[in-house]
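Across the two complexes that follow, chain A remains constant while its partner is chain B and subsequently chain C.
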Partner chain A sequence: MRVVKFEKKNTEKLFDVLSRFGEVWSPMEKGESYSYQKIEDSNNFIFHEEVTRTILPEKKLLLPQKFPTLKFNSKKYEKPNEEIPTKILFGIHNCGISALNILDEFYTTDFVDADYQQRRNKLIIVGVSCIADEHCFCDKTNTNIVEKGYDIFFADLCNYYLVWIGTSKGDDIIRMGEDMGIFDANIPGDVTNKYAEYRKRNRESYCNDIDLEGSTDLMELSHDAEFWQELGDICLSCGQCTMVCPTCTCYNVIDEIDLNKDTGQRIRYWDSCLFKDFSLTAGDHNFRAARSERLKLWYTHKLKAFIGKFGAPSCVGCGRCIVTCPVDINIKTVAEKLKKKRAL
Partner chain B sequence: MRNNQYEYSQHHIPEQPHNHESQVPIMMRIISKKDLSPDVRFFQTVPTTDYRYENLNYKPGQFMSLSISGSGEAPFSITSSPTRKGIIEFAIRKVGKFTEKLFTLKDGDLLGLRGPFGNGFDVEKFLGKDIIIIAGGLGAAPLRSLLLYILDNKEQFGRLIYLYGSRNVEEILYKGDFFELLSSDQIELYISVDENNKGFEDKIHRGRVTELFSKIGKINPDNTVAAICGPPIMYKFVVQELLKLNMNKNDIFLSLERRMKCGVGKCGHCIIDYVYTCVNGPVFTYWDVLRMQDLI
Partner chain C sequence: MSNKPTLGIFGFTGCAGCQLALLNCEDQLIDLFEAADIKVFYEAMSNNDDGAEVDIALVEGSINTDKQKEELFHIRKKAKTLVAFGSCASYGCVQAMAYGDGKWEERFRKVYGDVEFAVGKAFEAQPIHKFVKVDATIPGCSPATHQMLTAITKLLNGNLPVYTNAPVCLECKLHENECLLNKGILCLGPLTQGGCTAPCISHNTPCVGCWGIIEEANHSAEIELLIENGYKIEDIIRKFRIFGGSKISEQYTKLWRL
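On to the complex of A and B.
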């Protein structure tokens, strides 16, 4: 692994280097929260370590909320030949990188999702370490330190950043920075101590006491538990939890026709398994008419399904569902219900 | 506990149909249609020119998605057999906006097509075995693909038993073909209707499809496979009959309906528990049904 040293005073120059490789996207203030936005001005380019989560997760850069996936006329269907710009995602944290690792696996195993792949090929991931807040629990989902999935990663060792270079593309960026004198390949001798302290600080920063131990089996054992009904009674089916969750992938398509023409587009947009007609067939048979059934499906996917397929739960501990759900149904409250149940 | 999900159906995931272009429909032309029942229409389609057709192969039990320019897309099981190349057939019931539009199309009109999708029946595993096919209502459409496949390769299979239950005589699909097969020595065919069988007493039993089991005599449970497709309510009862015959749970194959959309395991609409029915289904074994929640 190649590492270099970076000092915060060079932040502006870093922006300069990154901008030469593509559009720079980073968390920016939006009302009381943050959202990933395109940074045009180096003044808005900041190391946001205390910004734990944006409103919408990183997936919006890979599969926008709504975009044309096909264009057609009465004689044929084809992919729109749209120019995809290179984007640099700066300031993504460990949980976000873990989520993208999950999406990479999901969208490129068995069948390759071309819409995802073409944007993913153009995405450069520059991670930054973070300080957990009261809702974060990536320590419990084992996503607090990522081993892969970034091109470059900045770990804050207090007086300087230790910069991990994960890919050859990342190395291109670092080398240009080295030429401009903002990265230093000479790492101070005390780096191991400093790095060990950094890991310790990370480990100690969590105060969310959510307990996910055994939740996969508990989900199985709680299939008929009464609490699903209770949760179903208060869920609004608003789908916000699925929109903000970085590992939710469901979508739908709809055809839009251009006015007075025989041309149109097939629009792909984010769907939610919490919406009422998610599992409705053409014959009007709804496999999940009850809200409780749909909630159960969501938590199956977060806590159980991915363990079977990819060996880890698909929850990365970002805490978005905790801060988002208007009626407090989230991974934490569900985990608590699972424990109280003791169906054994 | 963690399920060994790769065990299900012992079916492999099909090869990617048109690699990364599996989301782009190719164009088919309707060459003929006929009504099979008051609300089910049979469509024959052939590919127009496109370099991707060489790959257009499929297995009985798989499905495809049809698009009508500007009216969207919907999934349909394939009713033709891969043994009869060139023409792809669908038997489609008019149930919603998309199918209403489809029923207005004329011969020569174009349709977009994606697929095939899903695991289909693993016909390789059926080789040398006795086969029992049980169809209910529109289930006869996907099962026709399997039926024709077996009839076209009959020397490679043992007994072929076919039980077909319909609500009434009008709704029996492929009625003419089935009546002809009644006198064939290739197949032991029994048909039942829930309602009136007046005028067809010699051909059609009046009663439930499960009552037809009394007609098939002894079977060899170690060398028999069963394939079922029909309305959701039917599976439980039919499976009970098969278990009474001592059939192995892994030799009972059920083709299940779900809301399919993308066909490639990405959009999530068809998901059951941790399984994407569009990729790992729609065909499951009875053992899958027992160990996975909510399958039927």
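On to the complex of A and C.
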């Protein structure tokens, strides 16, 4: 893997280079939070070292919240032939890259989701290192340092960035940047020390004391635990946890027919397994009619089920459920209940 | 003779805003007029054919008098498919704010005194399903363009509209809003049927529930949360009741004794 050096003073030029490859998307402030938005102006192109916990995660660039997945008329159907633009996701942190690695496995193993794949093929991932805040716990989910899943990654070594190049696409970008004089193949001699310091800074930034140890087995053993009912009693069924979780994939499709025409479209939109109708089947049967059952499913998915198939849990420690659930049902409080550390 | 489906759009007690919302779909009106043979449209036409049989009747408004009740029976008899159009027809809406509190007569006398109405005996606002079989509902105060036209298109094609049972929070989150509940603001999104596209929250205003209560609403959990955030129980209940209509007393009789 090739590495180069980058200095912050060249940030504006970097925006220039990236813009030549496609639309640049990056976290922008939204209210008291952040949102991934298209960057039109280099002033909004910022290296965010701090946590940019966007309200909605990266998945919105790959499978938008709501979009037509098919167009049809009374005789035939076809994929909408819209042009998918190349997008560069700049400023994504390790948890986000890990989440996309998980989505890649989910959407392309056994069965390839064409809607996902066509956008994924057009996504260039430019990661940036970060310093955890009080909600982050990617150290506990082993997603704090990524080794794959990015085209380029900027690690902040304080005086300069060490730039890792992960793919040939990333290399194309770096080469263009080298031509413009913003990347330097000469790495300073102190790089190993600096890099070790960077890893230490990263390690020491975590202060979320969530305890996930053994949680996979504890999920199995807590299938009939009383606390599920108690959580079910306070859950608002708002579905926000699933919308904000970077590894949630539930969706629904509905067909809409155009007024006075024989055309229509099949709309695909994010759905939530926390909604009652999600598990409604023919004959009005619902195999997860109780909120407690639905919550149990969600945490089984995050902490246990994914391991069987893909070898790792599907929680990447981003902390979104912690800051989002209005009634504090989240991975941390559930982990506490699993360990009975929290009074019921 | 046209073989287009026939449509009647009727209105009872309400602000007539649902009919207006339909009239306001200017870009789609020509298509609507082409797709349906409109026999009655109270707010838009002067030559309404009240006695006509129709394939689809959209009924706006709540029922408040004996005379309206008779008219509603008549519409039901003449319509193949009858649709509750908007929140008033579906569950009473704001005029049913105090639904079922037992003090309606008292309030009525206070406002009108002992009068006889030419429109027959008056009573507390009732949703239309209290009197006739309702085949479908188009929710909202007033209904949202996209949801309403999608539903009407389905009806004109001989199908019933289907909605997913998701709360306002779904569309709120799809628009990437920060949750107002987390800022201590009383938002009724989790208790309210979605479909409106959450315009209020996207304009930084909490949901007041105008699409009606969702079946899965967890009122007691929301009350607990709001009390934790410093709201008084009376204020919370009052807020619930603004658009709670008949649904609230049907589903939550226990809750109101708090």
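Annotations for the structure displayed:
The criterion applied here is as follows: the second predicted complex is superposed on the first by the 338 of 344 C-alpha atoms of A that agree within 3 Å, B and C clash if a C-alpha of one lies under 4 Å from a C-alpha of the other, contacts with A are read in each partner's own complex, and residues count from 1 in each chain.
The working rule: a residue touches a chain if its C-beta (ideal position, glycine included) is under 8 Å from a C-beta of that chain, and two chains touch if they have at least 3 such contacts.
Quick caveat: nothing in here was measured; it's all calculated off a predicted structure.
In the superposition on chain A, contact is made by A:72 with chain B only, not with chain C.
By the touch criterion defined above, A:252 reaches both chain B and chain C. Looking at the shared chain after the overlay, A:270 reaches chain C, while chain B stays out of its contact range. More residues of chain A are touched by B (comparison of chain B with chain C). In the superposition on chain A, A:53 makes contact with neither chain B nor chain C. Shared-chain residue A:93: touches no atom of chain B or chain C. By the document's definition of touching, of the two partners only chain B reaches A:117; chain C does not. With both structures placed on the common chain, the touch criterion links A:294 to neither chain B nor chain C.
By the touch criterion stated above, A:220 is placed in contact with chain B alone, chain C being left untouched. Residues 252, 254, 257, 271, 280 of chain A touch chain B in one complex and chain C in the other.
Remark: chain C residues 28, 31-32, 34-35, 149-150, 152-154, 156-157, 162, 164-167, 169-170, 173-179, 181-182, 189-191, 215-216, 218, 220-222, 224-225 touch chain A in the complex. Within the complex, the chain B residues that touch chain A are 1-3, 5, 13, 16, 19-27, 67, 69-74, 93, 95-96, 98-99, 110, 112, 232, 257-259, 261-262, 264-269, 271-274, 279, 293-294.
Residues of chain A that touch chain B in their complex: 69-70, 72-79, 106-107, 110-115, 117, 216-217, 220, 223, 249-255, 257, 262, 264, 266, 271, 273, 278-285, 287, 297, 300-301, 304-309.
Interface residues of chain A facing chain C in the complex, by the touch rule stated above, are 30-33, 35, 55-56, 60, 65-66, 233-240, 243-244, 252, 254, 256-261, 269-272, 275-277, 280, 291, 323-324, 326-327.
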